[in-house]
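Some notes on the structure that comes next.
In this document, chain identifiers A, B and C correspond to the written order of the chains, with residue numbering beginning at 1 in each.
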Amino acid sequence: MQVRPIGQPYPATEKGNGVAEFRIRFDGVSKYYGQQCVVDKLRLDIEKGEFVSLLGPSGSGKTTLLMMLAGFETATEGQILVDGYRVNDVPSHKRDMGVVFQNYALFPHMSVGANVAFPLQMRGISKAEIAGRVKTALDMVQLGALSERKPSQLSGGQQQRVALARALVFEPRVVLMDEPLGALDKNLREQMQLDIRALHQRLGLTIVFVTHDQGEALTMSDRIAVFNKGKIEQIGTPRQVYDEPATRFVAEFIGETNLIAGTVEVVEATSVTIRMNGGNIVRVAGTDGLAAGQAVSVSLRPERLSLTQVSGTDASLPGNTISATVTDCVYQGDHLRVQLTGAGDASYIVRLDRRSAEPQRGAQVTAFFSPEDCKVIAS
Amino acid sequence: MSGKSFLQKSGPLLLVAPLFLFICLFFIWPLGSVLTQSVSDNAVARLLPETAKVASSWDGQSAPAEGLQAAFVTDLRAATDEQAVGDMVRRLNSAQSGFRTLMSKTLKAVQDKPEGPIDLVALDRKWSQPQYWKAITDALSPTTDRYLLAAVDLMRNDAGEIISQPPKQTINVAIFGRTFWISATVTIFCVLLGYPYALLITVATGWKKQALLAAVLLPLWTSLLVRTAAWFILLQEQGLINSALMDLNIIADPLALIFNRTGVIIAMTHVSLPMMVLPIYSVLLTIPKNLMPAAASLGAHPLRAFVRVLLPLSFGGIAAGSLLVFMSAIGYYITPALIGGAGDQMISSFIAFHAQNSGNWGMASALGIVLLVVTIILYAVYERLATQRERSA
Amino acid sequence: MKNLFKTAAFGMFALASTALVAGQANARDLTIVGWGGVAQAAQSDVYFKPFSQKSGKPFLEESWDGGYGVLQAKMKAGSPNWDVVQVEAEELALGCADGLYEKLDWDKIGVKDEFLPEAVNECGAGVYYWSLAMGYDGDKLNDGPKNWVDFWDTTKFPGKRSLRKGAKYNLEFALLADGVKPAELYDVLSTDEGVDRAFKKLDELKPNIVWWEAGAQPVQYLASGEVSIAAVYNGRVTGINKAEGKNFKLVWPESMYAIDSWVILKGAENKDAALDFIAFASQAENQAKLPLKVDYGMPNKKAAATIPPEIDANLPTYPDNLKQAIPLNVDFWIDNSEALTARFNAWLAQ
């Protein structure tokens, strides 16, 4: 990697220069509030044109990281590089980043048009050009007709779109979004997710998106960085973090999962055999450097389990089988949610297709799944 | 009418009745009486009914006819209320110096001779001079505009036209001007000092915020007199400020901080500061915290972000604070009296002078009315500007 | 509903009458009002406390700085909350003419013959003679000012001056400084030219004047060096010399003197006790004690005769002091106070 010499001015308009292959790099960045560590020696590279979500519970450091990137907070240690320039000491108004805030942060005393024109005025652009660009930006978010309105006369979704137009109109290097959809209702939120995703693809934007909603992160992102206690637990595509959670935290935080404790019995060439607490033996694909006798957890997504009314072990069933009793069954519209209790009082959640027959409470069933549908997590 | 519905109808009215009574009794009524006081002029007319009847027959130039003199004597004989006579004499003396001694002489003569005509001119040759009679006949109308005119340095000449008073006699207009000028200066200083301070309180957290707030509020709970006296101690020639500066060798001779305009402005600014800080602070609190970061992220230098975003949004607080400070500063009395020199006294001290020292309540009321009217006009202008601004913003 | 109103009305009436009864029960003690400072402290020791002991009733004392409007306001407000007030000559004459004071029963006071004639008035009994004179710090000025011409001369005597705020006295001093003879003083002042002349003379000194309103101020200014010469009440100078060991000097020539009087406000609640008090304070044996504490002259001739010579020499009434002093012309000020004060205020505020 190449880093530009420190002290060289950070240009406000240069977009991508071929010096650095990444747009943003966090290089061992930490943030302390007094003794309390909020972000811990964090490393993260974000490529040009990439949509990266920072996902995690509140207090996990994701927003703080975003604020450091925007220049509202200073890093206690480490450096933040943008296009190869160290920006730690660049004031936020010179960083050329469009920020969309949680509560939109529109200027209430200015009209919609004036809000969108604001960043262009700050850049000394001519009035005629401003008018054109504001119109284009508002049309892009389907608000061209409302430019004379005050923000208070708009709905939440419209305000959100104005904030978006304002953050994009000056063609920033990076667009930062801090839980921008948190205040919207569900349907509007889902619509906005798709809209933002479409804009991202159309304009080739680099977006850093902070959210605590895993569904949102899965829908929109190229990559997701899962945050916990100031560190990144896992970074990867939505498929990677969902199907192959690296840690127990990721497995539990993203989607619903059955985590079953057990011990590694045998390590074979392409799979391992695990004795679960309660006695069931399961085979899991992949070895992942496991050793016999190691205590592990098995993450088993509810929708990957199937049920049969036959009790006991049936050799005709593929892969792994677990005998259990149905303790509850709830119809949830798009699926059936079944709760099972197996040997050793282990409980399992199973998601069945909504057209499946509803198992009776107290019925003896066998749950089965293939070795490829579960993931061993070292515990 | 059933009892219940009566209660329902009059319940809310009964609840506000004490407030309404309070306002009537302690606000509207005194204001009304001040207004009446400033134009009423019946001290002479009510004691001289006979004189009033024949007054129109006198041409106002020569010595008065005997009929007028006789009517005057008759009226004096009928006047028994000492305090009412006192009021009349005071009123006449304020129009024409010399009436005091003239009247005490005349009243004594009237007392000594309860019957028959009295030769007033023989008693005192002042009675042969028309200006004394003119003072009486001018005072026979129950209402007058002389106090209101005098409050703005005007008077009526012998022909009844409104003319300026001789500049040596009065400088009320200049004092009004000074009062508004000092108040405006204090208001500007309060904005300049109070705004950053309010901003500081808004940004601060924890004990720092509490300490900053307490620093504003504590003086508010101390009496005005105490605060002014404290400034007296600080500002005087051998006071803390001067001795500190001299000990530090910053100045060789003490600065003139007291008995002049500088001291008045300093002390009044301090005393008024809470009234500026608190409204601004309360408005700043309502401004979302992320607007300034938002402006910065959009490329605004902190100063431009302040001018374009924070300042317009907090304008309401500045306006409210300025109005509060300005309106209260207009009425300042103690602070200029203790800290200021003779050239720094504001209109209140002249009102107090007329009420307390010279007992001229008509003049005091008239000055008060003029002050009230000017203040209301200023407030109306402010309201107009504020609504215009709201509409255009 | 009607009943409710009846009850409410009755309740209000009951409350009001309780307040009235309570008000009557808490009758105010005899309230005596002086001019504060060393003089009132002395009066308190010599008159107030002994009188209270003798009559067996408590008293209240307050102080004021004069102002006819104050008395007028009290009268207009209904029954005044002061009983006996020490007033200046002008306030005595005005208030007596305006009916603000009770007429005094001199038979009850009983010492009319012992009093100097100008101390006897139908509304007032003389309290003491006092002078307004030049004062300076003898330790700072060896060869002090001799007259008002010197007072105006800031090259000969550098430093600021302090004068009592108001037209009264200052117009006289200005004319004296401008060379008017004391005997012609009020004749000159009675003309418009004379008034112009006085203000013109005051103009000369205006930048150097620090104005005072309370009697304690000028001696403070002298002590702190804020001013070098001041017009002061004579009692304050000897007072501070005694209390703080200062060496302040008074200039008796061309000083102006006047007499204060006790009056009883009309309709005062304790007017009988007030008259008793005035009688007590007018007796020769009581008046004789006051100059021992503060240097003011006594209107009771018998009292004045008993004063030791070394104290007598400091009083305004001491023949040598009186010789070149000028009495205040009360009649002139009664007639002209309003016009001249208005002009003085305008002049001052310019």
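Everything below uses one rule, namely that a residue touches a chain if its C-beta (ideal position, glycine included) is under 8 Å from a C-beta of that chain, and two chains touch if they have at least 3 such contacts.
To keep track of the chains, here are their UniProt names: B = Putative spermidine/putrescine transport system permease protein.
Source: prediction; values computed, not measured.
Taken as a graph of touching chains, this assembly forms an open line, each chain in contact only with its neighbours along the path. Counted by C-beta pairs in contact, the busier of A-B and B-C is B-C. Between the CA-based centres of chain A and chain C the separation comes to 89 Å, rounded to the whole angstrom. Rounded to a whole number, the gap between the C-alpha centres of chain A and chain B is 68 angstrom. Averaged C-alpha coordinates give centres for chain B and chain C that are 29 Å from one another. Shared contact sites, meaning residues of chain B that touch two or more other chains, are absent.
Under the contact definition stated at the top, not a single residue of chain C touches 2 or more other chains. Listed in rising order, the residues of chain B touching chain A in the complex are 288, 290-291, 293-302, 304-305, 308-309, 312-313, 393.
Against chain C, in their complex, chain B makes its touches with residues 3, 6-7, 81-83, 85-87, 89-90, 93-94, 97-101, 103-104, 167-171, 174-175, 178, 237-238, 259, 342-343, 345, 350, 353-361. By the touch rule above, chain C contacts chain B in their complex via residues 1, 66-70, 72-73, 75, 94, 97-100, 165, 199, 210-211, 224, 226, 266, 331, 334-339, 341-343, 345-350.
Of all residues in chain A, those touching chain B in their complex are 12, 70-72, 91-99, 101-103, 105, 107-109, 118-119, 122-123, 166-167, 170, 176.
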